[in-house]
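Both complexes below contain chain A, partnered by chain B and then by chain C.
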Partner chain A sequence: MSDAKQEWPLWEVFVRPKAGLDHKHCGSLHASDAKMAIQMAREVYTRRQEGTSVWVVRSSDITASDPADKDMYFDPMEDKVYRHPTFYELPDSVNHM
Partner chain B sequence: MYTQAMDTGPKEERKAVRSAAEAELEARFESHIDEGDFIEAKDWMPEHYRKTLVRQISQHAHSEIVGMLPEGNWVTRAPTLKRKAILLAKIQDEGGHGLYLYAAAETLGTSRDQMIDALHSGRAKYSSIFNYPTLSWADIGVIGWLVDGAAIMNQVPLTRCSYAPYARAMVRICREESFHQRQGFDALNVMMREGTAAQKAMVQDAVDRWWWPSLMMFGPPDGESTHGAQSARWGIKRISNDDLRQKFVDATTDQAKVLGVTPPDPLLKWNDDRGHYDFGPIDWAEFWRVVGGHGPCNRERLDARIKAWDDGAWVRDAAMAYARKQTMKKEAA
Partner chain C sequence: MNMAVVTETLQLRLTPPVRYVLRWADTALIHAQRLAEWCGHGPVLEEDIALTNMALDLVGQARGLLTLAGQLEAQGRATPFDEDALAFWRDERDYLNLTLVEQPMRRSSAHSPGGDFADTVLRNLLLASWFKQGWKGLLTSSDAELAAVAAKALKEARYHQQHAADWVVRLGDGSDESQQRMRAALLRAWPYTAEMFVDDAVDTAAAASGLGPARSALRAAWLAEVGQVLDEATLALPADPQSVSTGTQGVHSEHMGFILAEMQSLQRRFPGGVW
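Right, the complex of A and B next:
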């Protein structure tokens, strides 16, 4: 067994299912470099034409919000209902606006 | 493919003493589970939940990878180009499934190398079904029909597993696995419809050998399953071993009739009162013998995996050396 430092780095894979849609995270894989990660992503995540484009990014390069802060971070938006169109009641004649 | 070994690992005791903060976190975790919420990789989780999942997911991954071996045995001898292409695609899927699952397990803080080391040193199990040999071409069809059929029945409930990365991997796997079962049934069906008497006998022989090991894939009876209750509580396991096994017998017994083969069980009989097929006793001594390392191919399978890993070491090292060199060149420029 090679020691952990010898392990190929981890990459996150994002696939665009078809033109016009966003790339979506679909999983991760190990690869020695970006070029290999792209090739492996094709074999691992698009064996049935699930995509038309692939992004890979080193997992260690991703900065994520802290799940422990989830409430503090996202809840302030909860009471801002006026950001949604349904908050406004307009006269019937223009309500399709 | 699938592992029943999730139920056969060593039993870990829960830590009895907990700090107040930990108790509060655990209470919150339990209430998330009760509400049917998913747990994500970075969420707090009890150590026992994490360990159970690492064991189950990694053993599931190992099963996918080791499961490539019995089928690989027939790639060069598949009867037609069409069957060879199908078999290759199926084996590639198994490899892919292993990779999805290893990645899911890694989100829990274990490394790929640790998992592979656990497999190669014999600490981690894989599904004991793969310790049986594939003696004829009909075995490949029966593996698709019965072994993958049992796998699908086991796996579908796992798409609702409380641990989200595992559930997401299972959604992908289940979507792909359906072709595995269908191609197996199709291969057998062609032999039973258009084959010679010898080919039909070959199909029956394969069914005779794989029927009971397939029933064992659902794991020990509910009363003896080591992790059943806790896993059910945590939404890791949603349907009991015996219920899944019964469902499998009911489905495949009817499919066997369509095929024109007879499962090797004289006690297999429809029970009107239960609305299920009754079936004979399973030889659990054989199951434990094979899990314990004494099946027909345990040694061969593990040796093949270790050899592949060792022989590939220079490729892994060379790729890393190349990547380092490219990075250095870029930095120097």
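Right, the complex of A and C next:
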């Protein structure tokens, strides 16, 4: 595996724990194509009944924000507490806010 | 159920039904033992995990079947031999697995060159397809426990078959070298496939009593499935084998003793040992 060109591409794996919940990112793996990636995801990430559905995405197809932009992108939200819906009185019957 | 700790080689009453169940159990057990040799040695981490996952599925199947074989064997005796006693305290002649599963798979030997990943995926394909047909037939077994094991195992075998078929096609229809290696692996394994489909008195009795299908009944569907995969993999179907191996009669190849020595040594050194 010294030749970088022979490395299998990297895939990001998303597992849905049960129907109704979202697929959640749980890790990555190497596979030669999508079909193999799905099988390997099943082997590596659902061995303990973690999933009912698996998605795989080529890591290279993901566009990520630049860590260097962190200050500019995310820090301005620090002092905007009014964006959190914590100033409302909620009835007891609303459990999941 | 009260199980005594066994400390000496079992003396078993191998009636036809016991033999029938042990054949399925031992083929799963010894195949699992061979697959487990890959643990920590897989070609890539993901496949290493896949191979050991499959080995664990097969061990699970063997456990259920060995427990059942112990109960069938014990007719009239208070304490049946449990799965551990049967897995670790039988003599070689009382193991009734297909000869194919004993053959070296990861490591070569002087008597059986190979030790190629191609041998592993090819053998997985041949066996998973065979088990699939077997479990299907056993779904309607007259023995409820055997039918229950089959129902669970069928799902596992379906996946094993798909995983193996995928590799066989990739490598068979791959580069010149991978195709040549797959072809060599196919020619090494094929002579042992005759034993998968040859009937004897044990099969006849099992079919007659409704315990399970005779081996000959598995052949047509097996050949159709395996043939389709080999075709897709651009691998020619080899000629029919000229002789029949005899593992299911308890007469094994030279490799079996080494497998058992490795498998049994711990239980024989520490009888009843658990962790």
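By our rule, the second predicted complex is superposed on the first by the 84 of 97 C-alpha atoms of A that agree within 3 Å, B and C clash if a C-alpha of one lies under 4 Å from a C-alpha of the other, contacts with A are read in each partner's own complex, and residues count from 1 in each chain.
Keep this in mind: contacts are C-beta pairs under 8 Å (C-beta built on N, C-alpha and C of every residue); 3 or more make two chains touch, one makes a residue touch a chain.
All figures in this text were calculated on a predicted structure; none of them were measured in a lab.
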Partners on chain A (chain B, chain C) - clash or fit: clash
First, second, both or neither for A:64, with chain B first and chain C second: first
Chain B versus chain C as contact partner of A:6, first or second or both or neither: first
Chain A: partner with more touched residues, chain B or chain C: B
Touched partner set for A:39, first chain B, second chain C, both or neither: second
First (chain B), second (chain C), both or neither touched by A:47: both
First (chain B), second (chain C), both or neither touched by A:30: both
On chain A, the residue positions that both chain B and chain C contact, one per complex: 8, 29-30, 32, 36, 43-44, 47
Contacting residues of chain A [partner chain C, same complex]: 8, 29-32, 35-36, 39-40, 43-44, 47
Chain B-touching residues of chain A, taken from the complex the two chains share: 1-4, 6-8, 10, 27-30, 32-33, 36, 43-44, 47-48, 64, 66-68
Contact set on chain C toward chain A in their complex: 44-47, 49-50, 53, 162-163, 166, 170
Chain B residues within the chain A interface of the complex: 40, 42-44, 89, 92-93, 96, 99-100, 103, 106, 111-114, 116-117, 120, 168-169, 172, 176, 313, 316-317, 319-320, 322-323, 326
